[in-house]
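Okay, got some structures for you below.
Next, two complexes with chain A in common: one pairs it with chain B, the other with chain C.
Showing the complex of A and B:
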């Protein structure tokens, strides 16, 4: 079993404004010059979770993203094809995905393992599974897990590359949690089921859960599947525009506001993954 | 115990016979890459392209290479469908968003959005494809930690095998020619105009290369092997986003931690595959780091003069080359090393040296402060 000690989120819906640069400038004006919005969004979310708390130097950092820092790719593309300019070194460096993790590590003065991982679906759940495994095996003492996705225009392009319908509202977020093996002082316990499952297997699993457990669903779960699986269970819902790492937003929201057990089910194509929270 | 089963690699060195000959003879083949920059400036740099006969790798779709190299590795190791269904996938590449680059490039004036199909693409696209194509286990992750990407993938694969979540692991390291990445290195003035000469007094910078590799790992209760993964660590040195601290402190720390994780001391190391990029500061940082840990200079070498700096691919690609060398009972020399750098003092192997077994260290360092060190062992049974 692993435990959640801190959570924090920065989240925005399509149509809302979020001046990330101004917000981060309030925290650390010295870290503005070489960082771009995606990196600042990463920093802001991690700060929402950790604040001024001093982390152990060996703390690991596993950062997940569904689409990565697309804005810097667009800048590099525009520099090359439209402005006919060579890439700016700072943009090239920032295009390397782990640059965000570097700045988060630098801000919190942590020098443990620092990963940047991605996946088409289940990116948050798989990153949590990796963290859970490393914690259980004593490979790391604590892990700062983050999921960051930035809202990108044109929205129609973003929807297409995410494989979602034109009507689906988008969002963005930087959602972080600090995980460790220590139970004392924790906000919740967390367990990621080790294997993905098919729908029939999932139905059998859900029949065995406690009657008081609440159910929550990932953004790729269809309405039909949710209705079928929900039964008479209480549905924990969070309104949220689509982005790949929004699962962490939902989990953080439950930890901050909920009580009891949450069974979170996410879906990608015909497979399902389950995360259990107990607050 | 975690086992390393072997695999396959596509690189500038060609077929297994060709690459063993090059590694035995301390020779290599390198191309010249001509580029017209966005400023209409013609530049020529050495570049290690995949030696693949008729195909032009720069224009090929990475999926062709990935499928080919994985299939060859599967055939070589005789893995069946059941084994593959229990195999997790760990892809390491610094080429972030290759699958998105194309639609992004096609839409630079935002006028062609309609032509983009509604299909989930982006990071993880290649892993997703390979999982379906080869019937692998659901677990996959794509690592993007610059030059340590596939080395970190190896460490996490070992961890997931140890945790029993999977019985086999497939680690992919891939890096193909990417104009923006190439121009990024040009802009940072990191490329050598001619050759890569790690640790040499007159080293003049990096030469990039492309490589696609597939490395399988397992556990000894599932699939024994004479190669064992003994330990490894990864850390983030926050000294600078572009390189390790030249005093070697960060590198010494990760090397020491890897030895501790492997449960051995430095005197047990038979050879070190250095990161050896041929950049002035990085090579100095690496030697300074080793000096803080090793009492005497170990036998060390760089594989980058053979296949170039293959960025995110080098973790898996250089490990595979090293396995092949020791299986053929030698440690390779470091081509182009001629003059000892008085400030470094320590010199890499300049010629092959007989070596049949023992513990070996593989070091990888990257942008974003990422330092990774792995210890493996060849056991003579």
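Showing the complex of A and C:
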């Protein structure tokens, strides 16, 4: 069993304004230069979770993203092919997947393993699973887990990237949690089921859960599947525009507001993954 | 907690030095696969490693098929795929952009890191897949993740694939950082010019069962310098920490290590710090060499490619020499300039990336 000790989120819906640079400048004016919005969003979310708390030096950092830093990739392309200029070194560096993780590690002065996990579908769950594996195996004492996805214009391109319909509202977020093996002082326990399941296996699993458990569903779960699986269980819902790591926003929201057990079900293609929270 | 042992039971690779058999011949003969190129930057000459005319994605499938053929499996349906890559499908997007001067027809799914796992999934039908992207430690971290999952008994079979193609973004990006060599790179040499960007594919089947041909994946660890985005900690704290933790994870002492397969990119910063780390950590001065003088730096694929080389070094009981070395910058480390035949029980393979992202993996002959 692993435990959640801190949670924090920065989240916005399509159409809302969020001046990430100004917000981060209030926290750390020294860490504005060379960082772009994606990196600042990462830092701001991690700060929302950890604040000024001093982390153990060996804390590991596992960061997830569905889309990654697409804005910097577009800047690099524009520099090369439209402006016919060589890439700016700072943009090339910021295009690397582990750059945000570096800045977060540097800000919190943590020197443990620093990973970036990137994929469409289950990116938050597989990153939590990584952390769970390393904690269970005593490889690390605590892990700072974050999921960061930035709202990108044009929105039609983002929807195409995510494989969602044109009508679906988008969002962005930087959602973080600090995980540890220590129960004392924790906000919740967390367990990620190791294996993905098919729908029939999932139905069997859900028949065995406690009657008081609440159910929540990932953004890729269809209405039909939710209705079928929900039965007479209480549905924990969080209104949220689509982004790949929004699962962490839902989990954080439950930890901050909920009580009892939450069974979170996410879906990608024909597979399902389950995360259990107990507050 | 009782941990399952972890074994590398089959592998194959493709780099500018050829397939694994050709690569090992090239390493021992000190014959570099790097060529001097101006096709990516007409205004600059650069040493690059290409496996052209082999096409990247078809080669990805054929390398993976070769691992399946060499394995004890009929298919990969019960195997987790873990990909380590830093480039993903950027090259595909570049081709479309070059042709059309527009983003309109770029397929985002073909651009992402996960295009590699998607390609392999279509061909082989894996049970599940993950993609790790931490620049030049990507596939070393994939090896570490595979070890953890087998340790835990979460999977019986994990295929680790490190794969990165040459593309304009990386070649021009490293040029912009001023770390590309105009010549074949010379790791650990005094006055070295820089690195050679290269493409590579390496696939390793990692399992919880031992076969006649197994190499043990004994330990692994990672650390983060959290020091500077592009420069390693000059005191080598992160590099030392990750090697030390990997050796501890393997249940070994530093004196058990018989060979250090270096990250050794040929850049000023990396090689100086890595040599210092090896000098500081290992009192018995084990042989150290970088095979990037043969393969170039295959970026996210480097950890997996050098895992293949480490396994081969153990199997052949023959240490890889340091190619292109005439005057080492650090005279305190043991850089063999010819292949050395000796008993090799354990090899540690280093991978370091921007952001001070460090990973070390320990391989051993099976006892």
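Operating definition for what follows: the second predicted complex is superposed on the first by the 279 of 279 C-alpha atoms of A that agree within 3 Å, B and C clash if a C-alpha of one lies under 4 Å from a C-alpha of the other, contacts with A are read in each partner's own complex, and residues count from 1 in each chain.
In this section, a contact is a pair of C-beta atoms (placed from the backbone, for glycine too) under 8 Å apart; a residue touches a chain by one contact, two chains touch by 3 or more.
In this text, all values refer to a predicted model and were calculated from it rather than measured experimentally.
Under the clash rule set out above, the superposition-derived model of chain A with chain B and chain C contains a clash between the two partners. More residues of chain A lie in contact with B than with the other chain of the pair chain B and chain C. In the superposition on chain A, contact of A:138 is made with chain C only, not with chain B.
Contacts of A:186 after superposition on the shared chain: neither chain B nor chain C is touched.
Shared-chain residue A:196: touches chain B and chain C both.
Of the two partner chains placed by superposition, chain B and chain C are both touched by A:119. Touch criterion met: A:84 reaches chain B, while chain C stays clear of it. Contact with neither chain B nor chain C is seen for A:245 once the two complexes are overlaid on the shared chain. In the superposed model, A:175 makes contact with neither chain B nor chain C.
Touch criterion met: A:156 reaches chain B, while chain C stays clear of it. The intersection of chain A residues touching chain B with those touching chain C, taken from the two complexes, comprises 34, 61, 67-68, 73-74, 76-77, 80-82, 86-89, 92-93, 95-99, 101-103, 105-106, 109-120, 126, 130, 133-134, 136-137, 139, 157, 160-161, 163, 194-196, 271. Residue ranges on chain C touching chain A, taken from their complex, read 1, 3, 86, 90, 93, 97-98, 101, 103, 108-109, 112-114, 117, 128-135, 137-138, 141, 145, 148-149, 151-152, 154, 168-169, 172-178, 221-227, 229-230, 237-238, 241, 249, 353-357, 359.
Partner chain B is touched in their complex by these residues of chain A: 34, 61, 65-70, 73-74, 76-82, 84-89, 92-93, 95-99, 101-103, 105-106, 109-121, 123, 126-127, 129-130, 133-134, 136-137, 139, 154, 156-157, 159-165, 194-196, 271.
Chain A meets chain C in the complex at residues 34, 60-61, 67-68, 73-74, 76-77, 80-82, 86-89, 92-93, 95-99, 101-103, 105-106, 109-120, 126, 130, 133-134, 136-139, 157, 160-161, 163, 194-196, 271. By the touch criterion stated above, chain B contacts chain A in their complex at residues 37-39, 94, 96-97, 100-101, 103-105, 107-110, 113, 116-125, 127-128, 138-146, 152, 156, 159-160, 162-163, 165, 179-181, 183-184, 186-188, 233-238, 241-242, 250, 366-370.
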